[in-house]
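Input: one structure, supplied below.
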Amino acid sequence: MLQMTDVCKVFRTELVETHALKNLSLTVNEGEFVTITGPSGCGKTTFLNIAGLLETMTSGEYLLDGVDVSQLSDYQRAKLRNQKIGFIFQSFNLMPDLNLFDNIDVPLRYRGMKASERKQRIDRALESVGLLARKKHLPAQLSGGQQQRVAIARALVGDPLFLLADEPTGNLDSNTAKGVMELLQEINQAGTTIIMVTHDQELANQSPRNIHILDGSISDAGAALRNQPTSAVDAVA
Amino acid sequence: MEIGPILRAMTRNKLGVVLIALQIAFTMTVMINAIFIINERNRMMARPSGADEANLFHFTSIGFGEDYNERIVVADDLAMIRQLPGVVNASTTNAIPVSGSGSSTGVRLEFDESQPSVGVAIYRTDDQLINTLNLDLLAGEGFTESDMRYRSESGATLADKTVVSRAAAENLFPDMPLNQIVGETVFLPGGVEVQIIGIVETLQAPWPQSSLIERSMIVPEMFVDTFSLYVVRTEPGERDRVMAEIEDLLLTENSNRVLRSLRSLEDTREETYRIDSAMSTVLWIIIITLVFITCMGIVGLAVFGINRRRKQIGTRRALGATRPEILRHFMVENLLITSVGVLVGAALTIGFSIVLTTNFNMPTMAWYYTPLGMLALMLIGQIAVLGPSSGAAKIEPAIATRSV
Amino acid sequence: MFLYYLRLSTLSYKRNPILSSLMVLAVAIGIGAYMVIYTLNYTMGGNPIPQKSAQLFHVQLDTGDPNRDNDPPEQLTYLDAMALLDASLAQRQTASSKFTAIVEPANPEIRPMITNNRGVMADFFSMFDVPFLYGRGWDSSADDNLEQVVVLSREMNERLYGGADSVGENLVMNSEVFHVVGVLDDWQPVPKFYDVNNGPFDPGEDLLVPWHHIVDKDYGRAGNTNCWKAIDGTGLQAFLNSECTWIQFWVELPNAGEEQAYLDFLNSYAAEQKQLGRFGRPLNNALFDVEEWMIEQEVLPDETQILSALAAMLLAVCLLNTIGLLLSKFLGKSAEIGVRQALGAHKGSLFIQHVIEAGFIGLLGGLLGLGVAALGLEGIKILLGQDVMVTDWIQLNVPVVFVTIVLAIASTIVAGLYPIWRACNINPAIHLKTQ
């Protein structure tokens, strides 16, 4: 479903050339719950941005749902993000001026869906995170955990191919974080593929598959295990 | 289109909306009323005086000394000027159109002085003025030498014939064909009876602001004192040459006089309408300044708003918004704000125009000024916000995953 | 503390030079444009003789056409002017009319010239505080005895005598010799209140002579002559006896009692004249003091009144703009404000700091606005030219400079009130935690 081969990302300024990702190869299959870990600056965020089509890569191959996305235009990538990827951000990234309903509406609007269908989907998504009663509220009126649930509902509302979660519990206290993790696991069990970036090794250990990135690449072990996606640990530094 | 959510978000940023909307409203009020004033002045300035202004010039001659005889001097002057190469004709008159100074009188259909009269400008001239000014004679005929009357003391009009402007004729005899008006008799103050022998299409009164601007009459009568106003028509292109020579020629002929105000009728017109054209220029400067300031305000607040929402924009991009969709988002947002502005602006514009009409003798503004103004301001708003919006569209989606 | 805040203001300006300069520009344009129009209104609609304006009265007698309902004539007929002069009931009084004449200079190098002149009476000079460079006016005996005396404008004295003291010289006007008794200093009241009928912004006259000469020598009258009734007969005497109005008449009445007494006199005079078949309209005589007369005659042009409304809206737009820009600027400083609050600044001191910062922007805007105003006034002067009206007075003056600076500072602070309020109420905790 997601297949990266020898992906490189180089940031160039006039003085330095930084290799954020070096020949990274990774395959994620449908229904998996993959966690990505690694120390600060290891390339986690770059991996996330490339996997989520937020950034282009310098070289390599990336097949998403069997389609080569390396040559797509900005417009096509935006459309793919909208239809196939659900994002969950560390700081939730809700629109502070929009109420919950309008927040979840955002990706559907860009899909050009009919109003009645949008409403149906939004209500269902809000219900699934237990916040249907508060759909007219503004994000600021919610707790952090509730806000992240709204963000999860927003990520799910378009029925994406997979969820990309960037430190989804990073801004939450441990109790709330646990709740959010449980919600994500439920979602995964219901059939949605999840790729989660985190610096929390303990959290990563709970997931069936953990990938460790160090200095922009995954260890050989990860490459060797590419064909055995159920293995618990792909890579160790 | 996502007008609903944009509107709901706008209500949470009322100040920004109010600031821009009010600027738009004031700008529209000033712009539309100023353009209306400019158009009115231009319309006023564009009215023809009836005279062939491009080829006319005029000057005054004031005689002094014991033996100065104006009647002889004027006859000699006119004879001399008329035979100059490049000159078509010359006349003496008490006034000329667009100059701002002249005489008016009341014309009645009856002898009885208690009857209402029609106010007209009165041109007391020699028998050639119609030809000299190159007026368009619609009906009847002009004067001959035998129609001329001369006098040296003030008092009632001596002439018994007159040529009137079409507007004066129609005002005196509404619903009567012009051909029938010729031959009618009217009365001037003092019970003086004059016959209308001709009608010219246009001959403006000398005062541009006057309500009787289009109504005038010409009488073949010359006041003999020491003050003579001459008007001269030249062949096209010859005016400036003749003007340059005429002063010396006249002083050679008779030096017991002072010549003054030698100028072309075009210059006189420019001077008469100087305040109006100055007003138009000042209004244009105000309009341009205002539009500039308002655009600056729109750009400033848009950039501020976009910078404040960079992460939101990135998130929208991450959630699948394409660049054109982001661009459209901000264009629509601006359109909604300017719509509020032009609605308030329409009310202000009409209100201010009513103030102008009631206090300053301005005509009522045509209905289409306001809707055109609304459209123009919306367009200006869209153009102003185009730059900031395309800047917003360039924001990278990856900003959404940055932690600050 | 004030100096400390002023220094913070300059630092803040430097930190956001573009935003700050935009604000200064907006204030400068708004204030500058407004002050241009304000200057026009201030002078054109101002009081040209404030020290005496309440004691000087223009006399208006309603001798108009009984068959019409128009405004009363602004000027007087010869019959009435003479009657008022004969009665001589005011403390001071003068008839005043314009005429043109030809002056033949003694110097053969200078060609004869047409001059714009005014016939006035001895009291004219003292009534209107007319300044003299050389000599003085004439006595009322000169009026009564038709003495051939003349007062020159400063400019005419330059042209005829090269600016020298010409008192005692002889001047030939319309072939007759006049004795120079005085030369005026610069005197150009704006508006030209003593004769607004002929143009409230017209230049002053070249020569002043005793008014009775106009009739005595049948000079060429200039300015408006209005006759509602045909002149009965021909010749000068018929004109003098007619209902034609052409004489302006001013009286000086030192107090309200005298004003009432003079108005009573006018009304009883009109009643008397009614017996003779004149004054066919209902009694409607009036005394207008200088300011009332300027308003009655609508001296302030429509143009400047309309422009002042438009300029006020331009200023409003500029200030709205400033509000937006200040808001951006102050909210952009949230972090700094948070730190200051954490370090012990209370709301009052933050408020003062930002008021001073707004005032500083206003001051710069006002200073630049003075430049805009000076430029604008120069532009207006060029647009109007020298030949249509007197424009020398169109320039910045002390009160205008003062008003400009004060208005700029005050309006910027007012525009800044909401942004300042927002800035002072920033929650420090938010900005100290995440950034």
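Chains here go by letter, A, B and C, matching the order in which they are written, and residues are numbered from 1 within each.
The criterion applied here is as follows: a contact is a pair of C-beta atoms (placed from the backbone, for glycine too) under 8 Å apart; a residue touches a chain by one contact, two chains touch by 3 or more.
All figures in this text were calculated on a predicted structure; none of them were measured in a lab.
Engineer: So which chain ends up in the middle if you average the CA atoms?
Structural biologist: Taking the mean of all protein C-alpha atoms as reference, the closest chain is B.
Engineer: Based on the averaged CA atom positions, which chain is farthest from chain B?
Structural biologist: The most distant chain relative to chain B turns out to be A.
Engineer: Based only on mean CA positions, could you tell me how far chain B sits from chain C in angstrom?
Structural biologist: From the centre of chain B to the centre of chain C is 26 Å.
Engineer: For chain A and chain B, let me know how many angstrom lie between their CA-based centres, rounded off.
Structural biologist: Chain centroid spacing, chain A to chain B, equals 69 Å.
Engineer: So what's the Cα centroid distance for chain A and chain C, whole Å?
Structural biologist: Centres of chain A and chain C (C-alpha means) sit 75 Å apart.
Engineer: Sort out for me which residues of chain C touch chain B in the complex.
Structural biologist: 19, 22, 26, 29-30, 33, 67, 100, 102, 104, 111-114, 174-175, 220, 227, 229-236, 238-239, 301-303, 305-307, 309-311, 313-314, 316-318, 320-321, 323-325, 327-328, 379-380, 383-385, 387-388, 418, 434-435
Engineer: Provide the residue numbers of chain B that touch chain C in the complex, in ascending order.
Structural biologist: 15-16, 19-20, 22-23, 26-27, 29-30, 33-34, 37, 62, 64-66, 113-114, 116, 151, 153-156, 188-192, 225-227, 258, 260, 271, 274-275, 277-279, 281-283, 285-286, 289-290, 293-294, 296-297, 300-301, 304, 352, 355-356, 359-361, 404
Engineer: Which chain A residues qualify as touching chain B in the complex?
Structural biologist: By the definition above, chain A touches chain B via 45, 48-49, 52, 54-55, 74-75, 78-79, 81-83, 87, 89-91, 93, 95-99, 102, 105-107, 109-111, 138, 154, 158, 166.
Engineer: Within their complex, state which residues of chain B touch chain A.
Structural biologist: Of all residues in chain B, those touching chain A are 2, 4-5, 8-9, 12-13, 311-312, 315-325, 396-398, 400-403.
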